[in-house]
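Next up, some structures in structure tokens.
In the two complexes that follow, chain A is the common piece, with chain B as its partner first and chain C second.
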Partner chain A sequence: MTNKDLAYNGYLFAMWQLGRFFSFFVLLFTVVENYQHNDIFKESLTIKPLSDGKLLTHFQFNVRTNEIKEGKAFSHYKLFPRAIGQIIQSYNAHELHLTFTQGRWNYKDWGYPIVPSAGTGVELWAWLWKDGKLDKNWKSLTNALAGLFCASLNFIDDTITVQPKLSFRPEGLYNATELSARAELRYGSLPHENVCTENLTPWIKLLPCKSTSGIASLLNGHKLYDSNFHSMSIHVRPVCQGFECLNKHLEIVQTVSAVVDPVRNSGKRDWSLNQIFGRQLSLACPLAEESKLEVILSEDGDYKLSPDADTVVRKNDGDATIALYNLKNLQLDTDISMTWNEDVFKYNLNYEQPRVYAHRFFTGYGQERGGIKVNIFNKSTNFTVPIIYYDVIPWFLKLYLHTLKVQINGEEVQDSPIKDLYYQPAVDRSRPNVIEAELLLPPNSITTLSINFDKVFLKYTEHPPDANRGFDIGSAVISSVGEGFSYLHDFVTRNCSEDIPTTACYHFSIRVYTETLLVSLPTPDFSMPYNVITLTCTVIALFFGSMFNLLTRDFVALQSNEGDKDKESKD
Partner chain B sequence: MSSKDKFTGVLIFGAAFAVRLILFQFSNITEILGSRVEIVTPVTSFTRLTEGLYLFENGVPPYDGGAFHQAPLLLAFFQLLGYLPDIFTKLAFILMDLILAYCLTDIAGIKQQLYYNFPKLEIELKDNEIDPWIVAGFYLFNPLTIASCLSKSTIIFTNLSIILGIYYSLKYNKSYGMFWITMATYLSFYPFMLILPLILFFTNNAESRGKNIKSEIFSCVGLFASWLSGLLMLSYFLVGSWDFLGATYGVILLLPDLTPNIGLFWYFFIEMFDQFRSFFLVVFQLHAFIFMVPVSIKFRDHPLFSIFILSGIMAIFKSYPSIGDASLYLAFLPIYSEIIKYMRYNFLTTNIFCYCSILSPIFYHLWIYAGSGNANFFYAITLVYTIGNIILLVDATFAMSRREFDIWNPDLRNYEIIQK
Partner chain C sequence: MKENNGKIRRLIITSFYIFILFGLPLWWKTTEVYRAQLPFAEIEEWSNWEAFDLEFPTQFIIYVANVETSTINCANLSSNLENSIASRYNVNHSKEASNGKRQKSVRFPVKIRSLDWSDWKNDLQYGNLENLNLVSENGQYILYILPNTNSNPNTKVLVGNQRQAIIEINQWDTSVIEKTVSDLIVSLFMSEQAAIKKFIIEPLSNSKVELDSMRTMKYSPQYQVTFSLMNGDPSDLLVNWDIEEAVDKYLQFFVNKISMISNLTVDSQIQHYARLTFEPYHKADENYFFLTPELLPHFINAAEWNLASAVSSYPTLNFILYVPSKEQSPLYIQDSKGNIAESNAFLIPRWGGVIIKNPERSTGIHNFSLEELKSIMSIFITQLRGLLGVHDVWTEAKHALDVTTSIEFVTPPNTAVTMWEFDSLIRRRIAENIVTSITTLKSLSQLVTEIPNMVVLDHIQTEVFLALDNLAKSCTNLYNNQYNLALYHSKKAIELAESAFFDPTMVSMLYFPDEHKYAIYMPLFVPISVPLLVALHREIKNFKINKRVK
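Coming up: the complex of A and B.
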């Protein structure tokens, strides 16, 4: 063997060693990476025929990660959207809830929504950690989200921001004592905000598969916004992993709900995916651990699902039967449809109504003063329901708390149902009125709250360009509390599917949103500024000039020359 | 005082009391009056006082909000009244009007005594001076006064304090006089400008009463300052924070609440461009106070007349004027009934007052409720009202100066008189 051969062999050996070493590292990295990046993505589409023939379609996308932790820098994102992760981290948010809604959820006919829907417009609330610059963080958060979603969230300033004291408790995992000591809640809503495709596009971009595959491929702006109601939301919150809650995960839940009306087109409530969304269902998102379609079936009625569901589950707590399709097993270009054996849809007159719902409206006339009245219905025959009523009235309506009246079934009662009242009076141009009241609703009753207000006269620059359209007043919110929560369970528990332990299931409390209101304020004449300045200043000058004249000049007699006078008389 | 005089007094006061008490029984009248922008303003509204009281009694800081802008002592007063039946609140308002009128009677009497030896015009020597009871009658049966009283506007507290201040000052009771004018200042800030004529009451006759002018001035200013700090401290202890300063004087000076009233400020500052707002605010507020010194100097021999003119200026140029302010300064006019023959525009001003009283509710209704008019309608009426008041004040000033001239220059009667 020559030296050359030896050297060659040595080289080979070294390369082999290096290769082994390298492959070991590749393996190690893979293991470590798989261990670290166990992001979980699940998607589901829920379709529910409603009692008035309309159809609720509800998309839900969940991504969980155990990477992002409070106070720990992190930059390696896999399925969790980087845009949201960075916002959560840089502005020190514990929880974040953002909902875009257009239209009003009709509680009376449709029951409760699958996730709380929020009132028309945009609603943002977040629990932020106190780090000395919390208010700055909130401002930055609204601005960042405004940029991300092409929405006017940056208009949530001090005159709109509220710190609810009783409502909007955290929905994820939290430690009550830690939270009260270290975090604060901020809430803001923009009822005037219009929701459209420019908000949906960035929302879809946050999904792991975008809209290329999976149920997200059905999200079609043209069909989605041609609906009676639609709501799009993002909820970010910490959750538990496993029964013992050993690991804290960060979860993002993205939902889109829309209520479409098949009866409007055909007179029948038959539907197919192609018909509602105008698109074909493509294959399940490959990144999804679970991709399913559920149809919530009503008890009675002669209907047929095609193709047949993979499984039909009967829930023993709510009396719903659910047909489940696993989209991972579905053939390409399958169109799921539901047909009813009836010629024309007949309205069901004795549908089951939700137990608690509310309506709010204005009273009075004229542009000087008025009142707000809320009717809160408790339809249950034998339960007293505790609720929290939350209402934010902008500063330009001056509330008079001494006019607050509570009536039950139209009569004043001795024992006031208000158990606790938190009231923050508005300050002109800096903060809104906030009413939070803990109420006990007697069984089978209508509780009426009413309060009077004065309308404030705004400066002409404070009016919007379309001043006579009026100002939007955001929804009042009725939240369930304590015992009332478990009692009010309707669809909410359904979110806790079998494989997820109850501690980790989506702990959405029930919130009922009332109508948004439109108030017209007295307007000045917008073309008058120069005229008013000149007229008013003239009047002041008139007084000043006359007084100055009288105060500074004395009277004198006009003594003409005697000679002149004689001359004049002669002439 | 003769028995006939007494009878006139009892008749006037009895009738005034009865009219108010009867009208108070119609709750819709008092409610309508209590919500009229011409009668109540954000700083005198009884509804807002009720709200402040309600918040105060329920542990919500009343001044930490945009609704309540009245002095803390009013809170305390009405909290005490709240323990009594509802009728006592109404009686309190009626009683204050009557006390005010009674003091006016005394003021008119004292003024007549004070100027008894003053030279007079020839033609005035024949006539008797106006009966002080009639002065009270003019105040009590002025429709503006009655409306203001029925609306339960808290301007009556300010007016009463001003009148009591004048009353005690005319009686040379320095500490009471200063106390009441301080109280008026504390309640609505603008009466501060009346302190100068009040000090003149004490200095004008200081030498004849064996007092030193300088020490009189210093003691008056000292008393004013100490009473004011006392009242402010008392308020601080009452509500537990200094927030009330911003919510009362801050609101009066900076005008955050642009609710319409009969003054000039509201529409001007609704329409004002943002970058000039502060400038014009300073100009308008200074303009109200700028007459304090020149008027006091010009009428240094007639401090009461200075008070008449200055309270008129307050009623026109304060940030939240109401007809309650006008009712106060109009009450002084009968005391100076001798100048009326010199006034040139009596017919015009009377008509303007009637015109405004009728048209202002109509135009406000057209703007706010009917929607067939706009803000300019009501604005125009406030301009007319202001011009009417301006003409009256300028005319009174002219008449007073002109009469003085005639008194001191009886020989120039046949000449044409002009201003230098």
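Coming up: the complex of A and C.
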């Protein structure tokens, strides 16, 4: 409305001042303004050489709209994908986060990922408004997303769904009191889900320019799935517009991350876009307001970027140098490439490791009982780090809470580092075990959590077709908490948009995912029921046969009359 | 002693056989799948049209102007009209049912009441007949008959927005009035009756495929209407449209009006890089591109254009405004004779409509303003009416009538559907719903009969009973001239019938067929039956030997 008024005023002003000719341009300008006013689309590609010679490529596409508002039916979509908008609106979601990941993020060598979620398989979590049918909405949400992305998300049922109490806080704009009163969190993950092209194709179709132009044209399934790690995600959340946060926008962030290995092919860490993706970058998506390519440069090393970047930025909070290509004004006729002045890549052993990371594994042997052990590393020399440990163990592992032990550097400690513990015991066939613990990690320490469990003997119909493979247990998640722990963030953590003040950004917690685990449960002989039936039948038949014969036949002792006669005749 | 033993043995064997005789049915019963009893006989009755007769009654109130110079007997006029219409209507449409016992029948009875309209000059002077004698019931219409005031020799019909029409007759004579009115009524209702008759008498005949029934969507209580602006190439032209305002202004009334029959939920989207799957023909000398009627079926690129809804399972009606890319513009549709179609639009039966626009691309940006969308929306609404089965009854009647009758319309309100059309649509939909729900129930009963392994749960039974109940209510309401209630019950019936038919539990239990049951019990039955049969055989042999000895 105000925009129209402005346009009109501008028009009058121009008429009065410069006559008809100029007014044409003013009108044109207002049309452009109108066009970009409602939905904003930005795309970016970040490339970061990792310490072990691998290369992280991260695509990010943001669409913002101010037209979709909570409580107001909206159905006229411009750049915001209609499929997602409809899902958000019909199932009353406040936030939605869906990540498909294949491979394991190697925290120790690679640092923290740019994407917030990196647990192997599929992870879905959403904040849903309480409207009396929240659980039905969650069910429908998983089904709708399953249909949209050709994934088995519909298998996220009650036995998998969790309501985390401490982790997975909203990542967008929210009012804490309103949210706790009116919304609930649902979390579900499928660690065994494979991710492939059939999931990527519908994901690409949600982009305004699809894969026809812009950086999305580099998304090549053949190359993308030939990588050490790849992750594809969709995050929908309300965000602020501007510093004063006068307008609430709904933002969808679509990301694809892949870790490719140029050393594997050539022995060198040199790369070019064509070599990584098998395609050329032609021009920016015409709908994008901003389209850029960033290369995060390492401090040392004798390397050369060609062509030269438009600008080289130093970020003062991190110690990174970023080479920036603005694809909006750049007419690319050559391939972007980076070459090091070295014959063979030598592994650098003195790289900076991330401060907090973790490993989780099974202990014990046999098919009856076992245990889970997690080592959480805090490598910072002088910070005590508060974290939240979150673990979901399926109901078929029966945890014993009294066996939960915490050790620091291999020793029991007097004052437990557990500050807060939320534990939900499992109910057979209806809900999983949940452990959420708030921990304080002392500086330069390894904190070890361990707990024991019994394995349940499942009904034979509950086993999957490949029963002997075992059951996957999803990643445990370690989240940083609170404000002011920016030192946990890697400099590329870009959950925050540029127009949001950095201080408002820290409720985006960083999350560290552990390995998924594979547990083998006692597997029955699946032909057993038939064997039992057959055996029982045989026993009954034997019993019947002998009883029947006893009842219907005469048992008469043989009288040896003839033998006696023979004896008599001999005598 | 031995004789006594034999008797006991025979008794024992007989008792075993008696036990098996009673045991087998028990075993059969306990290993059976659960099947709720469905009213097969009743469904059969409905599908053979033994359970009901359909009636679509209409009622006309005719106000005849009281002109001093003439004497028109109203009572005579009514009965004469009823007779003449009845004779032309062929009121009893019937056909031998397949078993020959009974006839399917649909009746369209007409009741006519003529009234003397003494105050006509006065009423006309106020002009506003719309507010006079309003009838709010479907199937009841008012006709006002008055002598022609000017020298125009033609009969003039002025159609009102409500269920009424004014007929000006040039020759004030009973026979002329009779003929005009009966002609008019018959031509107004003939095509509708033909359609209903076809629905009911030959629901499955494919021999005479009607263009009309092919275009109309199958009935659904809700449709998703999606407007898509397809932009061929955003790199040379960015497009936008004021669709929200356009929908509010041009479509909302129609949506509200039609919601009694089906709910329409409207949404819109803009898709970029919407490419065609084929190259349109190029006319080099006039430098334009064109599509021929043969190419139109391939126009929709269903694989790449995001047209499906992620949340709704109701049928979608798609309306596409297509802006071709620079390399393919201007793009026109040519008919088979090579002329460019004026509207540059086409309708895809049971799917939606497409309009191709070639906007000015010098500025690199084009916004389809509200003004520009007006003509586009009017084409879309015409297509939507066709897809939903709205028939322009008066225009159709005009074709049937002779040229001496001129038809004019009171400026219609902005609903895009008049009362006359709406009523006709309701009647058609009732007939269609009744027939479809009967067919669905029939298929359900066939399915259940054919697959003996299928589990039939109690709620299926309940739904079938309720569907039949609603069918009966719908027919009763039709008979009583309560079309709205009849529509409501026919909707209910079709919903219930379909939800029973498409219930997820209605699949045959493939994992436990009868063969498996026998296979599992085989190890029990075979070893038991061997000694039993041997014993029987021996007893029979003994019996025969004894008989011979005696």
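Just so we're on the same page, the second predicted complex is superposed on the first by the 473 of 571 C-alpha atoms of A that agree within 3 Å, B and C clash if a C-alpha of one lies under 4 Å from a C-alpha of the other, contacts with A are read in each partner's own complex, and residues count from 1 in each chain.
Everything below uses one rule, namely that contacts are C-beta pairs under 8 Å (C-beta built on N, C-alpha and C of every residue); 3 or more make two chains touch, one makes a residue touch a chain.
Bear in mind that the values here come from a model prediction, so they are computed numbers and not experimental data.
A.B. asks: For A:G267, is the partner it touches chain B (first), chain C (second), both, or none of the two (neither)?
C.D. replies: The answer is neither, since A:G267 touches no partner chain.
A.B. asks: Where does A:Q86 make contact in the superposed view: on chain B (first), on chain C (second), on both, or on neither?
C.D. replies: The second partner, chain C, only.
A.B. asks: Return first, second, both or neither, reflecting whether A:G364 touches chain B, chain C, both chains, or no partner chain.
C.D. replies: neither
A.B. asks: Which of the two partners, first being chain B and second being chain C, lies in contact with A:I540: first, second, both, or neither?
C.D. replies: Touch status of A:I540: both partners.
A.B. asks: Figure out whether A:P464 sits in contact with chain B (first) or chain C (second), or with both, or with neither.
C.D. replies: neither
A.B. asks: Examine A:L148 and indicate which partner it touches, taking first as chain B and second as chain C; both and neither are also allowed.
C.D. replies: The answer is second: A:L148 touches chain C but not chain B.
A.B. asks: With both complexes superposed on chain A, which partner does A:Y400 reach: first (chain B), second (chain C), both or neither?
C.D. replies: After superposition on chain A, A:Y400 lies in contact with chain B alone.
A.B. asks: Examine A:L551 and indicate which partner it touches, taking first as chain B and second as chain C; both and neither are also allowed.
C.D. replies: A:L551 sits against chain B and chain C alike.
A.B. asks: Considering only the contact definition stated at the top, list the common interface residues of chain A for chain B and chain C.
C.D. replies: 533, 540, 542, 544, 549, 551-552, 554
A.B. asks: List the residues on chain A that touch chain C in their complex, please.
C.D. replies: Contacts found on chain A: 28, 31-32, 34-35, 75-79, 81-84, 86-87, 90-91, 140, 144, 147-148, 205-206, 208-210, 212-213, 283, 285-287, 530, 533-534, 537-538, 540-542, 544-545, 548-549, 551-552, 554.
A.B. asks: Which residues of chain B touch chain A in their complex?
C.D. replies: 35, 47, 50-51, 53-55, 58, 60, 64-67, 256-260, 264, 266-274, 284, 287, 291, 294-295, 298, 316-317, 367-369, 371, 374-376, 379, 383, 386-387, 390, 393-394, 397-398, 401-402, 405, 409, 412, 415-420
A.B. asks: Taking the touch rule as given, give the residues of chain A at its contact with chain B in the complex, in rising order.
C.D. replies: 365-369, 395, 398-402, 423-429, 454, 456-461, 522-525, 528-529, 532-533, 535-536, 539-540, 542-544, 546-547, 549-559
A.B. asks: Can you name the residues of chain C that touch chain A in the complex?
C.D. replies: 5, 9, 12-13, 16, 234-235, 238, 240, 243-244, 247, 265-270, 272-273, 304, 306, 309-312, 363, 365, 367, 520-521, 523-524, 526-528, 530-532, 535
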